[in-house]
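Lettered A, B, C and D in written order, each chain numbered from 1.
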Amino acid sequence: MTPVTLERVLAPLDAALPELEALYIDLHRHPELSFAETRTAAELARRLEGDGYEVHTGIAGTGVLGVLRNGEGPTVLLRADIDALPVEEKTGLSYASTARGTDEHGTDVPVMHACGHDMHATWLSGAAALLAKGRDTWAGTLLVVFQPGEEGAGGASAMVRDGLFDIAGKPDVVFGQHLVPGPAGWVLTRPGVIMAATDTLRVTLHGRGGHGSRPETTVDPAVLAASVVLKLQTIVSREIAATDSAVVTVGSLHVGTASNVIADDAVMEVNVRSFDQAVRERVLAAVERIVHGEAATAGAPKPPEIERSGAYPVTENDEAANDALTEVFRGHFGADVVYPAPLITGSEDFSEFGRAAGVPSVFWLVGGFDPQTVITAMTEGRFERDIPSNHSPRFAPILHPTLRTGIETLVVAALSKLRHPGVG
Amino acid sequence: MTPVTLERVLAPLDAALPELEALYIDLHRHPELSFAETRTAAELARRLEGDGYEVHTGIAGTGVLGVLRNGEGPTVLLRADIDALPVEEKTGLSYASTARGTDEHGTDVPVMHACGHDMHATWLSGAAALLAKGRDTWAGTLLVVFQPGEEGAGGASAMVRDGLFDIAGKPDVVFGQHLVPGPAGWVLTRPGVIMAATDTLRVTLHGRGGHGSRPETTVDPAVLAASVVLKLQTIVSREIAATDSAVVTVGSLHVGTASNVIADDAVMEVNVRSFDQAVRERVLAAVERIVHGEAATAGAPKPPEIERSGAYPVTENDEAANDALTEVFRGHFGADVVYPAPLITGSEDFSEFGRAAGVPSVFWLVGGFDPQTVITAMTEGRFERDIPSNHSPRFAPILHPTLRTGIETLVVAALSKLRHPGVG
Amino acid sequence: MTPVTLERVLAPLDAALPELEALYIDLHRHPELSFAETRTAAELARRLEGDGYEVHTGIAGTGVLGVLRNGEGPTVLLRADIDALPVEEKTGLSYASTARGTDEHGTDVPVMHACGHDMHATWLSGAAALLAKGRDTWAGTLLVVFQPGEEGAGGASAMVRDGLFDIAGKPDVVFGQHLVPGPAGWVLTRPGVIMAATDTLRVTLHGRGGHGSRPETTVDPAVLAASVVLKLQTIVSREIAATDSAVVTVGSLHVGTASNVIADDAVMEVNVRSFDQAVRERVLAAVERIVHGEAATAGAPKPPEIERSGAYPVTENDEAANDALTEVFRGHFGADVVYPAPLITGSEDFSEFGRAAGVPSVFWLVGGFDPQTVITAMTEGRFERDIPSNHSPRFAPILHPTLRTGIETLVVAALSKLRHPGVG
Amino acid sequence: MTPVTLERVLAPLDAALPELEALYIDLHRHPELSFAETRTAAELARRLEGDGYEVHTGIAGTGVLGVLRNGEGPTVLLRADIDALPVEEKTGLSYASTARGTDEHGTDVPVMHACGHDMHATWLSGAAALLAKGRDTWAGTLLVVFQPGEEGAGGASAMVRDGLFDIAGKPDVVFGQHLVPGPAGWVLTRPGVIMAATDTLRVTLHGRGGHGSRPETTVDPAVLAASVVLKLQTIVSREIAATDSAVVTVGSLHVGTASNVIADDAVMEVNVRSFDQAVRERVLAAVERIVHGEAATAGAPKPPEIERSGAYPVTENDEAANDALTEVFRGHFGADVVYPAPLITGSEDFSEFGRAAGVPSVFWLVGGFDPQTVITAMTEGRFERDIPSNHSPRFAPILHPTLRTGIETLVVAALSKLRHPGVG
């Protein structure tokens, strides 16, 4: 990649930005839950086709693959995830979502792009267009993957299982990125482990229902569930070394439907994060011990059920590929906006693509919030309190320069690997 | 009431039982939530009309009043409640409910007659028919009231406010009854307080949402709610004298919609029972102190909201009227099946009718379970463990002699007050 | 008992009061723990000897029996308990205790007559003197028992086992009384059960100790014990019917000796009160289930130990004897100060004497606090908050008329049973 | 330091070991609590005097300084801490401690060298003797400091405040070491922060006492304290990022003295560990918020008291000095036994000496357990479960080669800084 090549490929971006902004706002207004991204996938596929990609839809249900075969050379896979979350938007934005969806338990829930996948999709759509327009500057094959079901639903594995690599072969390298509440314009990279492993457990606690006024005839699942929630806190506080890292979150807890009826059961979803396999196993064993122990202590009529409903391993970057790409980013953006990423407790299934293909992959972070606000909050120690994190109902990235930065990262990364025609 | 009169009125009951059994099974199969009892009310109104009653429907939405003006004499009000509960039936009966409804929060929920109101309605429909057929044996006015929305929804007050007593005047006495898991054939009475006061509180706890992996940026409402549930247990265990009585039940608790998102809020419904005003006030004050205290302890971004969504005072029987009726029951059924009722922690809004009219009322209990099973369980100390209580998903009364007993009690009670024609 | 007889026996009381007040203050200043009442017992024995009783000391260690054989007639046993509690006095009285003692675990603790046994002893000493002086007015045998070790230590059973009834035979009736925070001058009686059964459990929870900074190498007994304490609250709140009564109190809890060391074990003492055998068994089974369940949930290296360190059954009054005595009290004191006693959740081993002898016994309550203050507090609903209960470090009875009332009750009760000479 | 010099200084060690082993066993058998180390200090001072040191005792009560002025050259301070812990030894060793002491609250407690300070003292005593014997090989001044009161009692600061540096001036470098449950023969070093900051809080929770059977008249401090213990777990589990580190331990908790008395107060000691000032402040603020919030929630009659009874900042090694010393250790012991130390959650006041003097300091760790056992346990993931940590009642180092290694480290470190005579 020479500066002149890159300059040529990025040249149309200025003119394209208003239209990409409209795409982002449209996706933001119409978020769709995991594996229900039909409208989103259709729009993204339509654009790839317009840009001249060979488009394959319906991979793992709602996944999309765009293939651009451009002569001999390496194959680069660029991936964006496209699903939204069952969160009720509270950003107050003019284009805030009011959408609703049906979650995996059949419940009607609000839906919001609270994790920035609308931005991810827009970035990749914009980058795919630029790389297609500038195809005379590079040689090789470009795989553009819009992945469904990233939010705990295993969409990456599902696409691989559904034959993703049978269509146009395996890539030589995989790139992906995530929007984070850092300063817009910043790019953050990290060698090795960058994001946590995650395990999702669905726990059903069995009590014995009855009249709300006669608890002595029941085993109250609300009290049992409350005990479990509090006891789960002791895993991180007492069973994991301070110098190790783990998170145990009870994201949802549901008991009963009426104030004067003691329900039969309680259902909770527990999410576990870890960066180390031994810690991960210790936490999962402790969750199981506590859930079963609390049920026995309560005199539950039958043992609880613990269903592992999802698991992502750590997101891990190839060290050499990461370091090389970091240098490329520094060269393009300047050293004052490319920083080392912290270890992120969030999880991703991005690494599945590289693992399944047996090739290096690199995942980096792109800031999307007002730099002044974010940096002041960091300096004054108010960052965690004041800046909405991913998954917050108030997660509201600014559009500029966020849109531009995340498109340029993808173009720069792809071109760093694709052969210059006439060179290789 | 002379034996011969009563005998004459009850004579058609044997022949009517199969048809009443069919009514009961039909109502059981088609339970309807509070104030949604349209099908139930229509069927009960249709029958009253067939029996010659002047029928008024739509009182407080789905309430029904049947009036039988039968010459000069006292006015007797017989009341049955007709709504069902958001409970998923687990009786395994061939006529078990599979119905669903929409609860007050707009959620789709299973519905079941887990409190026996289907039996209450059938009893009163059967008694109304017999009293109409035997109208030559008595004089006065009979008010037959099918009340909607008893399950915490204030249906009795709603009917009074909607003009119930404007239609045919106030009664001179009010009678009502409840099916309980005692031996079928038994009738239980009690002077003074027979059932508890109940208060229903809807508590919204405000946390601060975020990504499930970054609890340090949030105030986790699941942990806050769990703490509240456990702390509420200390009201009864530590703040109420062992020689006083109270119940504090968290009937429902709902937090979050996804495993990897920490929600903004938790919502719980708390039901309080008491038999004494000072105890009631102490419990309610403690709930408020604990809910606010826990929110402050958690560092909640704003105070919790406590909404009093329903309150029934104690169900209290006129002592003289109760004692007189008890004697009448003993005479009719025999002393070996008429017993003193225990103090019931359940609540009722039955007393609203007598209070609003300023007249005596009497409420009694009728057993509906297999006597052999119930009495053996009592004797062996397994009653509370083995016999499903009201509101249990396994609440399954036997039909015989339950149907007959509850019809006879109403007829006997009504005739004990209505003037014998040619006598008064 | 004729009024003239009683008047004659009580006549010396006025003159004796100053000296009895001094005795009370002396006992209050020198409280002694269960079975360590050597100074107290010596003083009470000395007085009985001075009054002409045949005195037996050292029964069950520190128990005292005074026998006054006064011709043919019934045998009446009057009993007072004499031990104090490991409580640090905070009454601010000029004669407040600063005494210390050694508890059953060898620990040095403050000691206080926080339960009024100093008053009980003074009352009985005063009554014994009057009955001895007035012995020409009655015939029979008087047994004056100063019982040690009432506070959970089983002193009554110990005296019986140590041969109490071998010395002067069994009594025909047993009388006893307790000072309560009611209005001074009031006497409260109750047929049947008057006080609760009590069970004391010493629970040792085994964790695994280690450095305070490395909880992951330990099983933290402080967290385990805290969980047990909170879970025990659910027995009364969820497992006992609101219409039944029970109390579960963790009176003491001790874990660790340094802030930066996680201890191996936690030790707690649990006190259970109940009025009904089925409830009692249910509570004790629940304590055991919870203690073992919590230890398993915590991953404790070995099971906890639960040692039953004491148990008193209910204190129960012979109904006929109680009713007769109540009439006598009304006659002597006036109906405006003799009231029905409430059911008391405190416990006593007084009933052991009557049970062991197979004879009726009656136990009543005597108020000892300023009537104006107590009655105003009752009226305004501040009684429980403002009036220190038995065992409170601020339990401070007033001396007058408390001293007089409790002496007269014993004299009146004894004379109600003892034969009038020349009559029987 | 040339090999020949070092060899000459260490030559007498073989012959001295039996006597040093006897010293260790004697110290182990006679542990003394913080600032009560009179016997220990006297013995160590006696030995220094025998070795020709100028000895100053009574610094900060029981601290000892030995000064060896040996010509011109740098001043090196070697420090060992000498106090023991209130732990009951359970090692089963033939020389196990049965000692008792009086803790800071006047309570009689068992005492044990559960943190290895007996080894620290023996090491330094042995090294001091060797360096004195070999004084012809070096020039400069040696300060040997036996520090009392390291276990949370601030002994290092106390010695500095009491004029430690006024006696023989400030050192140019400070060295110290700690025995850990690693393989005997291993030495572990770390640049920068090596041990955590610690804060100790004494929390008094005020309830309102009363009779154990009448909780409704009380505010039960046992329930309040249990709630606080459980809620404190949520600081680490919810308020600190997984990628940060903190420990919150309730090391001691004491409530009540009798099973049937509800106490007035509960007292607990909380120990906090952190490696970062922002985290430290967040944890301390959360402890305060929770303790006050829980008291308010319980309706406590007055606010709790939180007394900061001790605080150590992080133990931090000068990076250059540490790296230089690590190289020296590798040269002497071999690279196969000198490893990077992990970040230790334990705390130390060692850094106070360097900070107060404004000079570099280095603190390292020395293993003291059977290598076979420790390494196998590590490999099989049983280390934390099977190997007793510092402060465990089963902490039992092996004597060989532990004694030798810790003496050699001190000699090697001192000689690495002290001028070779005739050279500088």
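As a convention for this text, a residue touches a chain if its C-beta (ideal position, glycine included) is under 8 Å from a C-beta of that chain, and two chains touch if they have at least 3 such contacts.
The chain lineup, named per UniProt: A, B, C, D = Hippurate hydrolase.
Since the structure is predicted, the reported quantities are computational estimates derived from the model, not experimental observations.
S.K.: Based on the averaged CA atom positions, which chain is farthest from chain C (Hippurate hydrolase)?
M.R.: If we average the C-alpha coordinates per chain, A ends up farthest from chain C (Hippurate hydrolase).
S.K.: Select, from C-D and B-D, the pair of chains that is joined by more C-beta pairs in contact.
M.R.: The comparison resolves to C-D.
S.K.: In whole angstrom, what separates the CA-based centres of chain C (Hippurate hydrolase) and chain D (Hippurate hydrolase)?
M.R.: Measuring from centre to centre gives 50 Å for this pair.
S.K.: Report the inter-centroid distance (CA atoms only) between chain B (Hippurate hydrolase) and chain D (Hippurate hydrolase) in whole Å.
M.R.: Taking the average C-alpha coordinate of chain B (Hippurate hydrolase) and of chain D (Hippurate hydrolase), the gap between them is 67 Å.
S.K.: Note the residues in chain D (Hippurate hydrolase) that touch 2 or more other chains, in rising order.
M.R.: Only 196, 213-216, 218, 220, 223, 227, 230, 233-234, 237-238, 241-242, 247, 273, 345, 384 qualify.
S.K.: Using the touch definition from the top, list the residues of chain A (Hippurate hydrolase) that touch chain D (Hippurate hydrolase) in their complex.
M.R.: Its residues touching chain D (Hippurate hydrolase) are 196, 230, 232-238, 241-243, 245-248, 273, 278, 342-343, 345, 381, 384.
S.K.: Show which residues of chain B (Hippurate hydrolase) lie in contact with chain A (Hippurate hydrolase) when the two form their complex.
M.R.: The contact residues of chain B (Hippurate hydrolase) facing chain A (Hippurate hydrolase) are 85-88, 90, 103, 107-109, 114-115, 151-152, 196, 198, 200-202, 209-218, 220, 222-223, 225-230, 233, 247, 249-264, 266, 268-271, 273, 309-310, 344-347, 384-385, 388-393.
S.K.: For chain C (Hippurate hydrolase), which residues count as touching chain A (Hippurate hydrolase) in their complex?
M.R.: Within the complex, chain C (Hippurate hydrolase) contacts chain A (Hippurate hydrolase) at residues 213-216, 218, 220, 223, 227, 231, 234, 237-242, 244, 286, 289-290, 293-294, 296-299.
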